[in-house]
Each structure stands twice: as structure tokens, then as C-alpha cells.
Amino acid sequence: METFTYYPGCTLRTKAKDLDTYARKSAECLGINLEEPADWQCCGGAYTTAKDEIATKLSAVRTLNSAKELNRPLITVCSACHNVIKQTNYDISNDEEMAAKVNNYLKLPEPYNGETTVYHYLEMLRDVVGFDTLAQKVVNPLKGKKIAAYYGCLLLRPSKALAMDDPENPTIMEDFIKAIGGTPVIYAQRNECCGGYITLEDKAQASKRSSAVVRSAKDQGADMIITACPLCLYNLKKNSDTELPVYYFTELLAEALGLKEVQNG
Amino acid sequence: MDKNLKEQVLRSSGVNVLKCMRCGKCSGTCPSYDEMEYHPHQFVYMVERGDIETLMHSKSIYKCLTCFACVDRCPRNVEPAKVVEAVRLAAVRQQGNNHMNPNQIPEMLDDDLPQQAIVTAFRKYIK
Amino acid sequence: MKRIGVFVCHCGTNIAATVDVKAVAEALGHEPGVVISQDYQYMCSESGQNLVKNAIKEHNLTGVVVCSCSPRMHENTFRKAAASAGLNPYLVEIANIREQCSWIHKDIASATEKAIILGKAAVAKVHLNSPLTAGESPVVKRALVIGGGIAGIQTALDIAEAGFDVDIVEKNPTIGGKMAQIDKTFPTLDCAACILTPKMVEASQNEHITIHSFSEVADVKGFVGNFTVKIKKKARFVDETKCTGCGLCTEKCPMKKVPNEFNMGLDNRTAIYIPFAQAVPKVATIDPNYCMMLQKGKCGICSSVCSVGAIDYKQEDKIIEQQYGAIIVATGFNPIKLDKYDEFAYNQCPDVVTSLELERLMNAAGPNGGTLLRPSDKTHPHKIVFVQCVGSRCDDSKGKPYCSKICCMYTAKHAMLIREKYPDTDVYVFYIDVRTPGKNFDEFYRRAVEQYNVHYIKGMVGKVTPRSDGKIDVQASDLLANEQLHIDADMVVLAAAIEPDKTARPLATMLTTQMDTNDFFTEAHPKLRPVESATAGIFLSGACQGPKDIPETVAQASAAAAKAIGLLVKNSITCNPCVAHSDELMCNGCSSCEKVCPYGAITYIDKEFRMPDRTTAIRRVASVNPAVCQGCGACTVACPSGAMDLNGFSNSQIMSEVDAICK
Amino acid sequence: MQVNDNKDFQPLIVAFCCNWCSYAGADLSGTNRLNYPTNVKIIRVPCSCRVNPMFILRAFQRGADGVILCGCHPGDCHYTSGNYFTRRRMTLLFSMLDFLGIERDRTRVEWVSAAEGAKFAATMNEFTEAVRKLGPNRRLEDLRCRKQ
């Protein structure tokens, strides 16, 4: 059984327990051991691209370093955490000045220079487990379900740093949907922003974006949307003028693996 | 025009604004275009001209969703979102210029809102 | 005792602005053997050359050093000048104090110091130069044209016109290239096929031209005047000599679902096919990936309907070998793949097409018989959006850094044709710049705007969202109105960047010609030798050298032909005398040099030597064929005894340069 | 940490450039007015494979602080295969220089095409800087050649 360092992030402990719980259950079923680091800190929710911002990058580096110390890849599941950690890792590997400043702050026993490999849970399914193997373990295939994968902005961009999939033509979630027996629905807005954190102060703008996404998915015949992001899920459910069920991808994964009761949707 | 301010924004963003060829694709792809007074391509151009203060005082800096659509789709690799971020930081770093007050937060919440939204807004708007 | 003259060029201010030329002349004047050291405004001018010539005569010079621009520019000029003054041309050395000194440095003191050192190195080298005489090698009077598009056809026709035999190698089953796929041409709007197909026929009927269609160049050996080329004739499973092109087989073939490349995959063809009606040669070709007989051994219908018995399922690839004096590259271009630009939804929506696909959609021989219909539902589009610069002028990893040059004009053409034929269709063109340098080009673009009311919008499309109601939401910026637009379009046309054909890179390796970082062939000089490659005997025709429209391509094709003819009319050419030679007394016949020679120029002979004790002995020693040796020098380093050396770049010459620089 | 950057040291750098690619690339960087230090002095050779390891040793012996050898990209050699010989020969030479105690960073092989003027200038800037940091080369220097 392969062991990975697993970083849940703040929201998965509270509002997005489903995302977390089913990620863990499914991993176990797939023979992957997820081990949470002893004391992790919140990643900050957003990566600050500014080169003169150092303090805001430290918590992500601590997380990365804790995985490095165990010589294990780091797995994230929340899109926002993944984005922050991946961008931090990219910049620290490519910007010597930033790496030097960060290490001066942290005074780690050994400087951290981007050694850890970061996987999103989906990448783990694709690259470690393999979608073919996953398909073989499915007991409740989601036959006939037309599922729209929602990538949003955080999973794919900036593509230089995230390097998960083609940012304009991604296939990882669609391949995941096929593996669990569903039919993927391709729609143009799948890699556009849902309005994200702006929902806090500008519901109208968030609603405009979320509605555009849900409309586009529904228009292409989707029965439901899946996402990896708690904030996307919230926006698409709460702020859209069009209704469509929205689930975490881990929920459907657990359902297909027979670890969760079948949804009505 | 404040030359130091321009230099600070350029350094902080790490963006070479001279690479822009004025195609406007950033503004063509921006999901927040209609909410912004100054649009992504204007950010790049105004920073090039050194007109930073106008941008700092505009609401536009709080409308960018940091979705990186402009960053990924820019044919010249200019990365407009990083310019917006640098201008916003220049604004909120000034004393008493936090865009959000923690006291306002409770009334913005509902039961389902993930705290991720609050964390992110704090990181972006408050120094 | 050597008598060396040094001539320092100002090159106007090009050199003199950053290098103190007087100080350079002064310093080099004190070098051993230097009897005269002068500076002059323009050494390459006639009076500058006369200065050199007179000095050679007056001072009886045995060596000349010119401190000037790169030897790649004017080495020949000064060699000729020396020769006309009676000095062996290979006693001239150039010190490059422009490209490699004055142009790259700003500080006068250090640039001058460097120029003096470079001059000293040249003086040190010229001390060891020896007079060389160039040999001659014969020229095979036959040319090879690689690529059968309009560039290759024009080049071949022009060479044939001059009375030389030409072979065209075309990888596709027919010649014609991209121009055959184009509907109309700008800025005259005449029909591309109407002007191209007569040329294709002319090429096929010309007694001097041989067309090897469905063939590829497999190997190139040799050098200018004497290339040996292997051509792979791919199995087309049809005997070209028997097939009459009647087309009965293509009608009867049961495998009808093969994407038709000629129509950009917008419709289907059969497994046995003739690409289009005017194909040359008009013979059928079987696509082995789809033919049921070749795949499963069942069918054979084409064979049974063919009245002349041309079908041959057992045909195999064939290699033919031929000698050529000159090779002309005309491998052309392709539009780039748009997978990485799916914000324009090219992979999501059949009604988002490339410009070349639009050509086929509008062509009478295209999938819709010339009526412009949407590929998705075959309805007439009422609103069409054109997007310019898709993948051109990009500084990202996805696109091309250059301007593709032709898109502005063909888009104006498309817009105009659509407005002419379907006045009820609105046409929007999103542009960054409209680039129309060319005869009657800007007038043409203005007509599209003023007469045909095409909406040109300064800005770029940022996101395309296809909808299930058949409309396509085009989100774009209008920079002049400072607005973000949403257009409900019926079709979107993407002006994809063009790139060199994929076969060009391996071909360049075979030909030992240079390419730039974009895989366009590099010309010998960007201004003065635009149709020659830096490799002697290899010429460049058409878009393989850079993006070009049809008139430019034809002009360059004829220019390349003229250059090739200039080579082919010669009975022999002067060889490069800077070739390897072996000191037979030192050679021990070990064969090390023979193994590294890429040209097979080294052979071994048994030679009789007089030994010190007055006996004779027969020893095996290396002998270089100067007509075959190209002077790379690989053998000189491989030689363990130091017997092998290279004229013009001898061990002692290079060592003396090293010494002069490190002094 | 004390780092001696040898800021004032002006290293002597000999560059061997093949006539077809790298020398043309050097010319192009001149045509494009791309700066690199005057420390670099270029010697033109027909092909990188013409460069006898002896030339490099000679340069070090006579006081060069760095030697760089530039040729066409692998596969693009004007003489088909010359740069492959170069690559192998230089690998051997470099291990010998290691043995002699010449720092690895004083020698380099770079592939620069005729179109890569910018790369040529960047390479020379970088290489000069690297050699500058190493300071003067004393290991192979023939003291009899040293200026008084």
C-alpha cells in the first residue's frame, strides 16, 4: 500500500466534509494510504503572485516541507489548496530569490527548494492508480448519467505552474467520469471562473458567473455537475439562476466504488 | 506620476509590460470585465505609462477574480492578473487602506458559505 | 621574409564609432612582418579595394589582413581584389571587427583593445598561410525539386524551360499543394484552380520534367554539382503507368468513410481515391489504412472493375537513386493545429473552422458544392466572426513568434466573398493590426470595409461558447469602444498561424542546410542571397523559407530556378581548396581518418618510399580526394601522428591565433 | 558567508566557433547589437570537429581563463556528423581537465545555430560571468608565457 501525505485544508474540516470523507474512503478502497501531517496550517485560500510577498507563502512551504521530510508526494483535494500549494512549489523551484527569502524566514533544518511532488487527488487517480484500474474496481457504474466536469479556474491555471492538464482542452475529469461509468458532457464554460471568493461582497457578480457556468452545462444536456472545490460548489448551487445538482467528484467516486448510498439525481 | 510606484508595481508583479502588443485578448476573456472601470489591458498600459494612482483608487482592483484566464491566454505572456494583484497590494498596504473590515464579515455570511471565501478575501484585501 | 599589409576599415561609423581605427592601424603596423598598415572609410568600395591592390603591387605584399566586417560578408571581395593584383587569394585573412567587435561593445577603449588583438591573431595566421589553388569538379545537369506545390511547380517549369532535366518529388498522390485547396486568390479574386491547374498540366507534359508523386526523399549524399539522392516511391498499390484515371474504382469502392484530406476532413472519400478532379498525375491511390483488401484480405472490388488491370495489392515501396547538380527545396507550409487554443472551441464545435477549412466550404469542388453552409446542420450562416492572429505573434509556448503574413489578406478576401455572395450575412473581423503591405493590398482591405461593409473591430476574441440552440457566443473585446462584446454568431473562422511542413526538419538534416528556430530554412544572406541556402547547391523556394503569399512564392520560385540554372549551365565548378591533405612521411596508415570522414574522401594507397639506408619500402598511406573533401577537419583531429592537416585552417595557423589572442 | 566574486577580474576567454552555425550566430548577435563582454575572442574554424583538444590545452597554457567551443546543434552539422565527434572528444578532454585540476566551469561546449544570435550573446555573458567568479586560471599556465 502506497502512502502519501494528505493535506485536507480548512474547508474540508467544516463545510466540505463530504469532499474529505469520500476522498479518504475511496483512497482506502483503492489501496492508497493517506496520512495527514501532524499539524498543518491553512494555505491561505489564494496564492499571492506578488514577488515581494513572502509571509503569505510560508504556510504552504511548511506543508510542502513536511511531505519532503517524509519523502512522500503530497496529495491535495480542494482546488484552492491545490492551486496555492502548486503555485508556491513552482515559484520556489524557479525563483531563487524567493526561495532564499522564504528559507531565511523558516530556518528549516534543511532549506526547501521545491523537492516535493504535488498531486491533486485526480492526478493521483490518473497517474498512480490509473483510470483503467479504477474502472475495474467500480461496482456501481453511473450508467446513463450525463455528468459535466467543472474545472473552474483553480485546477488548471496558471498552466505553467499547475501543469495538470491542457488548460483549454482538459480531459482528466472527463476520463474520470468515464472510469466511473458516466458520460462526460463537454461545455465551453467548464474552465471559466464561478465568481469565487467575490461572492462574499458581490453576490451579483458571483451570480452572473455561476449562472453562465450552470447554464452552459445544462444547455449541453448535463444532469449534474461535479467539482473539486467547496467554493465552486457553493457558488454553483447557491448563486446560479439555473438549477442543476452539484456534487464533489469524490462523492460520485465513493458511490461508484460502493462506499456511499446512491444519489437520487 | 510617481516613478517609484511604477517601479514597485513592476518589481512586485514581475511582469514586463513592454511585451504587450495591445491585442486586448485579456479583456476579451475577462469574466469581470463589465464590473471593472479599468480593464485588464488598461492595467497593463496604464502601468506602462506610470499612471498607478488612478488604478489604486479604482474599484477595479477588487473586481479581479484572479482566475488567471488572462494570464494563460495572453499571446505575449504578459500576465495581466499579476499586474492587477501588484496594484491592489500597493493600495491595501497603505495604512488604513484595508478594503474589508472584519466587523463586516458576520453579516455577509450564510450557513453554507465555506470559510475558504473569507480566508481568501482577507488575504487579498487586508494587510 | 613575409611582407604583410594591414587594412583597417571604418565602415562609415559602423566600426569607427566604437573602435579607434587609427589606433588599430598604428598598433598592427608594429607587428612583425607588417610593412604597411592603413585605415580607410570603406575598404569594400572600389577605391578601398584599389588601396589594397596598389599596396600589394607597391610593397610586393605576401599577405593581406583586412580588419573589417565578417568574413561571411566580404572575404570573397578581398580575395578577388588580391587575385587581380597578382596575389594568391588565399593569402588574405579577415579580422572581424564589426559584427564581433564594434557592434557588440560600447566602450571605445576596450573595443579598440579587442580589435587590435583580433587583428594580431589575423596577422599571426597570415604568416602561415600558403597559396592555394582551387580544383574543379563536374556538374550533373539535372535538378531535383522537393515539393510539388506552386513553388515547386514554378521552379521546375523555369528550369525545364532552360533545357535542363528536373525531377519533382511530391509526398502526396498529386502535385498542386495548398494552392489547389484554395478557392479564390487575393487581391484579384481570380479562381486559384483556374490559374494553377494549367501549370500542373504543363509540368506533367513537359519532356524535361519527371514527377515522382507519392514519394519522399530518403537520403542525400554528395555536394554541389554532384548530389546522389535516394527517392522512396511509396506503394500506392496502383500501377501508375497503367491507370487511366477513369475513376471507376473510386465509385465502386465500398469503403466510403475515409476523412477526405483534400477537403480538410469536412467530407469523406473512398479507400481508393484520386484526391481531386484535376489531380496530376491523375491516377488512383489506395489508402492502406482503410482498404479492406489490404487490411483483411477481403474485397478486391477495385481490381475486378479496373479494365486495364492497374491494381496491384502486392506493390511495395521502391527506392530509386539519381544524381543531381542542384536541389531546390519547396516543402511549403501547413496551418498549425489548434488543440491548444480551445478557448475558441475549435474542438467542441464543428462550426468553428479554420480559414483553410472555410476555403473548402466555399469551393465549388468542396463538400457543399460551393454553397456556404454550416458543417453542423448544413444551414446558411447569417453571422460570421473571423478571429485573426490565432497562434501568430505569440510569445508563449503554444504559438509562433512570427506574423503569418497571409491571414490579414485572405480574411479580407473571405469577408468580401461572403458579403458579395450572401449580402444578408453579417461579417465581423477581430484584428490586432491589419497588415497589408503589397501591391493593391490596402485598397483591397479598404474595399472590404467601405464597399462590403465588413465590420472590422480592433480587439481580440477571448472566449467562444457554443450553445445547444446552434448559436455560438463569441466574447471579445472592442478596444476602441472600450467594451466587452458578446456576439451570437453562426460560424467562427480562425486564422490559424502557418508553420513549415513537418518533413522540412529531417530534410534539412539530410541536406545539411540550416533552419531557424521555427524550422524555416535559413537563406544564405537575409538581403542579398534570399533564395540560396548557406549550403552550396541547395536553393530555397516558397514558404519553406518564411511565410509568403502566392505572388511572392512564385517570384521566389523563379528566382531559385534562375540560381539553379546558373549552376547547371556550368560544366564544372571551382572546389573549395581548403581541404585536408596528409603528410605522407608522417602517415602510418592507421585508417583513423578514413573512419571519421563523412564523405569517403580518404582512401589508402601503397606508395614506394626511399628509406634512409637507401633501400625502398612500400607503405600504406592516406590520400585525400580534393574534389570530394569538403574541409570539415574531422580527420585532422582523429589523426594520431599529426600527418593530416587542413588547408587554410592548419594546426599551426590555429595555434598561432590562439597564441596571439593569449599573448 | 564570504563570497569572492572577483568583480574586477577580466578573464581572457577564447571561443572556437564553427563557420556555419555558431560563427554566423555570433555575427547575428552583432547585427542585432546584442552585447557581450570584450573578454571573448572568437577563432573561426570550419567545423567544431576541427578543434583539436590540443588547441584548448594550448589556450590554457598560454593564459586563457576559459575556453568555449560552439558548434551546430546535434543533427544540424553542415558536415553531417562533425559535432558528434566534437561531443565525444570534448567529453574525454573535460575528464582529463578534471584530472588536471582545471575547474569544470572553465570549459564548455554549446550548440548555437546561425539563427540564435540572442543565445550566443546570452551564452557568452553567462560563461564570462562564470569564469570571472572562478578567478584567474593558474593550473595550466606556462609561467614563461606570463607578461612581466
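A, B, C and D are the chain letters, set down in written order, and residue numbers restart from 1 in every chain.
The rule is short, and it goes like this: a residue touches a chain if its C-beta (ideal position, glycine included) is under 8 Å from a C-beta of that chain, and two chains touch if they have at least 3 such contacts.
Since we're looking at a predicted model, the values are computed, not measured.
Student: Quick check: more C-beta contact pairs in A-C or B-C?
Tutor: Per the contact counts, B-C leads.
Student: Roughly how many whole angstrom separate the Cα centroids of subunit A and subunit D?
Tutor: Averaging C-alpha atoms per chain gives centres 48 Å apart.
Student: Taking the mean of the CA coordinates per chain, how far is subunit B from subunit C in Å?
Tutor: Computed value for the inter-centroid distance: 46 Å.
Student: Averaged over CA atoms, how far is the centre of subunit C from the centre of subunit D? Could you give it in whole Å?
Tutor: Subunit C and subunit D have C-alpha centres separated by 30 Å.
Student: Considering subunit D alone, which of its residues make contact with at least two other chains?
Tutor: If we look for residues of subunit D contacting two or more partner chains, we find none.
Student: Which positions in subunit B touch two or more other chains at once?
Tutor: 69 - these are the residues of subunit B that touch more than one other chain.
Student: Multi-chain contacts in subunit A: which residues touch at least two other chains?
Tutor: Those would be 168, 192.
Student: Which pairs of chains touch one another in this structure?
Tutor: Pairs of chains that touch one another: A-B, A-C, B-C, C-D.
Student: Help me check something: in the complex, which residues belonging to subunit B touch subunit C?
Tutor: Contact set of subunit B toward subunit C: 19, 21-30, 33-34, 39, 41, 69, 73-77.
Student: Can you list the subunit A residues touching subunit B in their complex?
Tutor: 9-11, 14-16, 42, 44-46, 48-53, 56, 78, 80, 152-153, 156-159, 167-168, 192-193, 195-202, 205, 209, 212, 230-231, 234, 237-238
Student: Would you pull the subunit C residues touching subunit A in the complex into a rising list?
Tutor: Its residues touching subunit A are 339-343, 345, 347-348, 463-469.
Student: Could you list, by residue number, the parts of subunit B that touch subunit A in their complex?
Tutor: 11-14, 31-32, 35, 62-63, 65-69, 71-72, 79, 81-82, 85-86, 89, 100, 105, 108, 110, 112-121, 123-124
Student: Would you tell me which residues of subunit C are touching subunit D in their complex?
Tutor: 70-72, 96, 98-101, 103-107, 110-111, 113-114, 117-118, 121, 508-509, 512, 514-517, 522, 534-535, 578, 596, 598, 630-634, 636-638, 646, 649, 651, 654-655, 657-659, 661-663
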